[in-house]
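Structure record follows, encoded as structure tokens.
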Amino acid sequence: MKKSLIALACASAFAGSANAQSLTTYGIVDMGFVSENGGAVGSQEKISSGAQSGTRLGFKGTEDLGNNMKALFVLETGIAADKGGFNQNNGFARQSFVGLQSDAGTLTLGRQYTPFFLALNAVADPFASGLAGNAQNLIPSSGIRMDNAVKYASPTFSGLSAEVAYGFGESLAGADRGGRNVGGSIGYTDGTLNVRLAYHKANDTALGTSNLSDTSTILAANYKFEIAKVFAAYSDNDLQVATINPVTPAKGKSRDFLVGVSVPFGNHTFIASYINKDGRSASNLDATQFGLGYTYALSKRTNLYAAWATIDNKRGGVLYKVGNNSEVGSGDRAVNLGVRHTF
Amino acid sequence: MKKSLIALACASAFAGSANAQSLTTYGIVDMGFVSENGGAVGSQEKISSGAQSGTRLGFKGTEDLGNNMKALFVLETGIAADKGGFNQNNGFARQSFVGLQSDAGTLTLGRQYTPFFLALNAVADPFASGLAGNAQNLIPSSGIRMDNAVKYASPTFSGLSAEVAYGFGESLAGADRGGRNVGGSIGYTDGTLNVRLAYHKANDTALGTSNLSDTSTILAANYKFEIAKVFAAYSDNDLQVATINPVTPAKGKSRDFLVGVSVPFGNHTFIASYINKDGRSASNLDATQFGLGYTYALSKRTNLYAAWATIDNKRGGVLYKVGNNSEVGSGDRAVNLGVRHTF
Amino acid sequence: MKKSLIALACASAFAGSANAQSLTTYGIVDMGFVSENGGAVGSQEKISSGAQSGTRLGFKGTEDLGNNMKALFVLETGIAADKGGFNQNNGFARQSFVGLQSDAGTLTLGRQYTPFFLALNAVADPFASGLAGNAQNLIPSSGIRMDNAVKYASPTFSGLSAEVAYGFGESLAGADRGGRNVGGSIGYTDGTLNVRLAYHKANDTALGTSNLSDTSTILAANYKFEIAKVFAAYSDNDLQVATINPVTPAKGKSRDFLVGVSVPFGNHTFIASYINKDGRSASNLDATQFGLGYTYALSKRTNLYAAWATIDNKRGGVLYKVGNNSEVGSGDRAVNLGVRHTF
């Protein structure tokens, strides 16, 4: 255990050091009971990791470089706490980047979230990409994370900020364009209103021959009233590859619309959202999702959760699914009951 | 390095925080020389990780939630320190769970040890599942760890405690029953006497068609005399699948009996055990194991070890093996010499 | 986050503990832009992890055992921060070992660097095995790391020190000799002059039938003048297997010669090296490499870097490559631009 080192560190640290540097070990362990129904195999009961927030372990830090400049890094791995092993198919595949921050903005290099996903997650979705009613079930972000990415995030001027990201393809087939990711967003917040417009384009890795790509645009907003926060988003999508994004399997064009609300009440929070997907391709894959959630805070860091969601696939079958596609038995209706601890 | 952060943390931490929360980084690095003989390839010399205790790195924590309630979590990975890579075939596959603890007991969700293994490891085996004389070589626990598990551990009343665990199968073949694990134990300890009865049943993942399962029961006890701790255990096993448990490859019924002793003497500890496996199937796979061990404590956290064990496979061949089956050359006799450091 | 624990730890740590023990979490995150040219696929632009120093996360510690004896361990994983995942094909495959240190030297067991690589990295190469001009591009170390290794490092007497390492083969094919690694080095340093002679031999894992091995010897030195540090090395290599070392693919005998220099100037450091490979096999794979580098220290822990290198493959083609062979597009000319942060 680290207690003895900490003693030494405490003793010496006050003596001062050249550049203040921080290292924080952090994470989330989220486990719950999940019941999914309506899929090909009927009802399935399981224990899942990360129903509300992906179980993770991370190491991050900053260093003050003087002149209002900072170095910063994040190394964060997803963990399948129900079975052991890593999520995102590998270790440290949630986020891993290093960068520099100054008055002129933040420049980071590595594997990072797309601006589109951040808008969907942080502005549009009252479920914050978690629980059965997760907006990702229907709104096909053309990419959650970008490999080989350079991202620039502006500082905030009068509530306005923007970010742009470019991910090198590193794919021989299409020379530089195959596998390439490009995205950006612009946002405004005054603490009460939060608005963001984001775009993402992910080229097929075989772009040189296929000439296909996935593009997504989203305009999202939320507004904090006295007793509730309301959410709305509109997203225009054209998925020609679709497998770029493992969450949503269906190719095609669509226009997706979300409305949602979260209502805090003491330690209780009630969440609801409704999503309408208007398919615009010949296959016309219309669908709607309705989700309800409830969290109870046992502390600032630990909460219980309960959620329910249902998807109505207008063309029949279970094309769009509720919940975790990486496990057996996914269907179009799901219940979640669990506990989430952050450290 | 984290020293600067610790300085900041120390400075700010005394200011007090809402809920006391701990995070501990811990682990074991155990490396030793292993010589195994009697197998098909003759004598093999190697350097192995975890001959006494599996090399591991873990992160665990608790948070005081008030009202005598606590949140707790463990994320623990096995490391093959001799070659690099993870044990248990993946990262964080030793243990990963989150839970809540109160006066009414502890409820945890995730990948966890089976009650059967804990009884074998903590009560029955003077070698604590390590070194050449490891009881797992002969006593076929029908499962060391359970995926997708919910476990309830009672509080201790007058030395009595119990735990029950259920692991969801999440296997399509047998709907809900395929791959399912069920286990439990009841124990008593007064500090001198330690008794535990444990049961485990692991269903074949193809249960819907195969209708097979592995079941194990163990009654284990140890007693702390002035100069020695003595161990005894009786285990009844019916392994129809056997591959559920990678350590013991042989299917069949058996009744296994163990006697053992550990003798501490200053920094020295001498350990011995004898196991008799009485095969009860047609193939009648009788075997006995005799193991000797010695550890020398260089400190509370670091020790040297030496061990020797031999298995007598009554029907000839080397069906039951001493030591680490995951490496080449395992035989029916083994010597261990190494060092174990815990942090 | 760990702040609350640290508070508790700080409070209790000053009370003293039996044996002083340290645990340090450390690492490097290094990301840069890499442009490689001259390969079969023409110019390739990418974002790479570890162009200067492999991105890594490590846990290490020591414990004072009294009598001038210490226990020590290292568990260090490489991270592909550009895409997520581990380097060296697995987690904790950079270094993982445990050992004891006393006045008589240090004995360590586990996966460790070869003495040959340490001489190449720490004494011969002004680029310290990083950046485009990395000496490993041409000087074929017959092994960077050794599995299943026992290493003894002597204490330093009047500037003289030595180390020997033996890695068990654990390969059935050649009984004990297949896959075996043997290496050693002897060095002298007075703070100004640093000289080291190192040798390594790595047997083919199929040694019983193939009778092949890779052997390398290097004599390396550097000298710290007032304004510059100069480097020189001579290496004699006979690679019969070559695939033992993934960095340099070409079999054959060669005699390699390096001269280099590094010039610190305030926060700036200029680096240059020239390597001549004199092929001694029938295929006569002569090549030369010239590399230039520049680093700018933003702090003791964070620097920017720029580098350029070119290889002239005398027989045509791009047999020897500049930079990271594990990614697509490697060629015989490369540019690096990036940032490295250590914690």
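Assorted remarks:
Order as written gives the chain letters A, B and C; numbering starts at 1 within each chain.
Here is the rule we use: contacts are C-beta pairs under 8 Å (C-beta built on N, C-alpha and C of every residue); 3 or more make two chains touch, one makes a residue touch a chain.
Bear in mind that the values here come from a model prediction, so they are computed numbers and not experimental data.
At the interface between chain A and chain B, two copies of one sequence, fewer than half of the residue numbers in use are shared by both copies. With angles rounded to a multiple of 5, the C-alpha fit of chain A against chain C returns 120 degrees of rotation.
Rounded to a whole number, the gap between the C-alpha centres of chain A and chain B is 37 angstrom. Along chain B, residues 1-2, 6, 10, 19, 21, 23-25, 61, 91, 343 each make contact with two or more other chains. Residues of chain A that touch chain B in their complex: 1-2, 6, 9-10, 12-14, 17, 19-25, 27, 29-33, 41-42, 44-49, 55, 57, 61, 77, 79-86, 91, 298-302, 327-329, 338-341, 343.
On chain C, the positions that touch chain B within their shared complex are 1-8, 10-11, 18-19, 21, 23-26, 59, 61, 63, 65-66, 69, 71-73, 75, 88, 90-94, 96-100, 109-111, 145, 147-150, 167-168, 170-172, 175-176, 343.
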